[in-house]
Amino acid sequence: MINKTVSGAKEAVADIPNNAFLMMGGFGLSGIPENCISALLEKDIKGLTIVSNNAGVDDFGIGLLLKKRMVKKMISSYVGENAEFERQLLSGELEVELIPQGTLAERVRAGGAGIPAFFTPAGVGTEVAEGKEIREFDGKLYLMERWLKADFAIVKAWKGDTAGNLIFKGTARNFNPIMAAAGKITIAEVEELVPAGALDPNEIHTPGIYVQRIFQGENYEKRIEQRTISK
Amino acid sequence: MINKTVSGAKEAVADIPNNAFLMMGGFGLSGIPENCISALLEKDIKGLTIVSNNAGVDDFGIGLLLKKRMVKKMISSYVGENAEFERQLLSGELEVELIPQGTLAERVRAGGAGIPAFFTPAGVGTEVAEGKEIREFDGKLYLMERWLKADFAIVKAWKGDTAGNLIFKGTARNFNPIMAAAGKITIAEVEELVPAGALDPNEIHTPGIYVQRIFQGENYEKRIEQRTISK
Amino acid sequence: MLNKEQIAQRIAKEVQNGQYINLGIGIPTLVANYIPKNLDVVLQSENGLLGIGPFPKESEVDPDLINAGKQTITMVPGSVLFNSAESFAMIRGGHVHLTILGAMEVSENGDIANWKIPGKMVKGMGGAMDLVASAENIIVAMQHCSKDGQSKLLPECTLPITGIRCVKKIVSDLAVLEISPEGGFILKERAPGVSVEEIQTKTAGKLIIDGPVPEMSFN
Amino acid sequence: MLNKEQIAQRIAKEVQNGQYINLGIGIPTLVANYIPKNLDVVLQSENGLLGIGPFPKESEVDPDLINAGKQTITMVPGSVLFNSAESFAMIRGGHVHLTILGAMEVSENGDIANWKIPGKMVKGMGGAMDLVASAENIIVAMQHCSKDGQSKLLPECTLPITGIRCVKKIVSDLAVLEISPEGGFILKERAPGVSVEEIQTKTAGKLIIDGPVPEMSFN
């Protein structure tokens, strides 16, 4: 079986250049590639475009890349909870493209699946529809949306094997599997890396064919945004 | 949790009428809904349209429905290995619509996912493209294909719970999960039915939201088409 | 006038047995507390879960298990986890029966605005545009008027739209209203102590009163 | 002239380390037997498996584990199972690097016909149209001529097309040929004992001979 293992985050992100087009898995701070974000922070690159459902918080996740002015553009569905983001956006240092969450997910899925365009009802009659083809099917209006593909997709999984097969945990799965398929180079960091053959082939969420580099991450903080407890 | 259990195949297919539009999971004879096919054979209905990758063999699977003249039309990607099928087709008793396997899979997936149309490169320049919109994206030509949805989707899983959550086994998974999502009424027969909560939420292939009826099947024959043994 | 808990309580009466439901952030989240125990329904979280349970006890908190509001949650027995494309496939495909969400404005033909206020920092639409474009039944929880007394039930939305012709029913602090297929807010119920005249005054869009309007009950 | 095993053996030399490969039914399936043991490659079965292993022993036969030709198979360590939409997502998305399949005809611009003969019962295209429209590299295993001696390497296909401008290389019983981007079959290697003249005679489409044509080797 093909071995995708690299030594760690530093090697995994070593060839990500200025102005790269990236995807990063995660929803809020859940399921984000913490190790790769740290390794990117050590690199002297800028002008990144990042597709990610959210933009982290001021002092964690993608927020750290924003603070270091490494990001030119965010493509997201929701970017609240981030004061530095707001400052850069209002000052014109940062561009943002807001996309309905389901359209974002389907555009990424389409990128991985070789579907250059598809129709969705989300956004019809709204400013999201501006400049897009609108078409009626079976009496309902739909927008045409295009695929999204990335130079590098960076994802975080729970378990992975050396062949690049991935299993996610809980709702930390979110955008990770579909982004894994949409990267020209896909980097997966996992909490536990096992030999090929150690995972049940029937329980794998992301087939290894989509993953070019894998390593076992360390020191996961897994910060919680809204710790909500039952009375 | 919502309970989808019905008593068995007979109850599950009781309201399938003449001229219904059905989907049936399976690839060859692997992962086909044997119990529901038997129950359909006991019903006095005809004029069925069946979306299924294959059409069974003469004396098993969908071939049995063909032999009883219950089928008006097959929508499939490959229909070899069936002499009765060939006879009915040549005599004009049966219609067949042949669709590239990947397009068939994606049309079914689109039906479940609320995507009325999408673009695929499969079939460009062939007779499959006749009458279809052709469009260029990023320098390559694609066909527009429409979603497929069914009145009833009939699928076979390995394990299922009373909430309709399904786990498939081996390559018997094939079209079953995507068809489960594309049925207005989806009927799932499973080898082992367990209480809701007995399956790991992280290992489920088909979320129960797609399944309206579930029962534990019996006496699975699982006939093998090509028993091939290592020397 | 209803408080937020009472709006949630009234909306909970709309829930039917066997439904899959997506609850938005804010008042809609509170609806979960009032769904009658004898109903079997499943709550969807668009970040990838069917079967949201109560908030966890301190010892149960799992950073890998959150809802779309990023709150820590638990799962009920029979839950299932999935990715974001599958989540919106089930939303867009019409498998989620009922969506309950908040709104800044609703128009008399069922348009909804709830994601953007010109001049203010835009946080994004999240999954709202997908939800309102897809669900069979959309119920809005909202205040009838803004803080400065302006009606939020309008002939046409003034704010950027989230979705068109999608809202089926509104439960506000003053009333329960249905959107007429021909346009207009059909007044169905009054909040306790609120008069039809007050609702009329505070509804800028076309209000349709067809027969006596009962006071709402919560049971 | 090569027999089927030798065609498979010659094609196996095209396989590169790290590739994901889809092998069609017939001669292409035989290629698996000749892939050098020192190469790490993964075989895809479009019915939902990455990591096809050898045929099973009698005791290992599992009716729930078959390949696209409906033959019973096994899985190698590191395999993964998936549904048909995911399978063709990875094919259509260009993640499968190499497709090897049979053909009835190939044209000098790389069109392929391999699914339908007018007047005969049509069995269907299966996954062939998706595979040829998607893979980066498509190698065809075929007989150079039909049983009655007609060339199957043509200026244009006469049979219904499976895909256009997609074939990159042909390994026939007589020769190895590449499709020129400008059109034409570039003769790269001769089968042992087969002359350039014979290949020329048996190739109806434009044959391009650019320098000496070595005899093929199998190691």
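The chains carry the letters A, B, C and D, assigned in the order they are written, with residues numbered from 1 in each.
As a convention for this text, a contact is a pair of C-beta atoms (placed from the backbone, for glycine too) under 8 Å apart; a residue touches a chain by one contact, two chains touch by 3 or more.
If you want to know which protein each chain is, UniProt gives these names: A, B = 3-oxoacid CoA-transferase subunit A; C, D = 3-oxoacid CoA-transferase subunit B.
These figures come from a predicted structure and were not determined experimentally.
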Separation of subunit D from subunit C in steps, with touching chains one step apart: 2
Subunit C and subunit A - chains in contact with each: B
Centroid comparison with subunit D (C-alpha atoms), farthest chain: C
Rounded Å distance between subunit A and subunit B, as computed from the means of their C-alpha atoms: 33
Cα-centroid distance, subunit A relative to subunit D, in whole angstrom: 36
Interchain centroid distance [CA atoms averaged], subunit B/subunit D, Å: 29
Of all residues in subunit D, the ones touching two or more other chains: 49, 81-82, 85, 88-89, 91-92, 134
Interface hub residues of subunit B, defined as touching at least two other chains: 106, 109, 113-115, 120-121, 168-170, 202
Interchain pairs in contact, sorted by label: A-B, A-C, A-D, B-C, B-D
Contact set on subunit C toward subunit B in their complex: 18, 20, 40-42, 44, 49-51, 75-82, 85-86, 88-96, 134
Subunit A-facing residues of subunit C, complex: 45-49, 54-58, 61-73, 81-85, 87-89, 91-92, 111, 121-131, 133-134, 160-165
Residue numbers on subunit B that touch subunit C, as the complex places them: 1-3, 109, 111-115, 161-163, 165, 181, 195-197, 201-202, 204, 207-210
Touching residues (chain side subunit B, partner subunit A) in the complex: 106, 110, 113-121, 135, 137-138, 140, 142, 146, 167-170, 202-203
Subunit A residues within the subunit C interface of the complex: 27-31, 53, 76-80, 86, 89-90, 98, 100-106, 108-109, 120-128, 158, 168-178, 205, 222-230
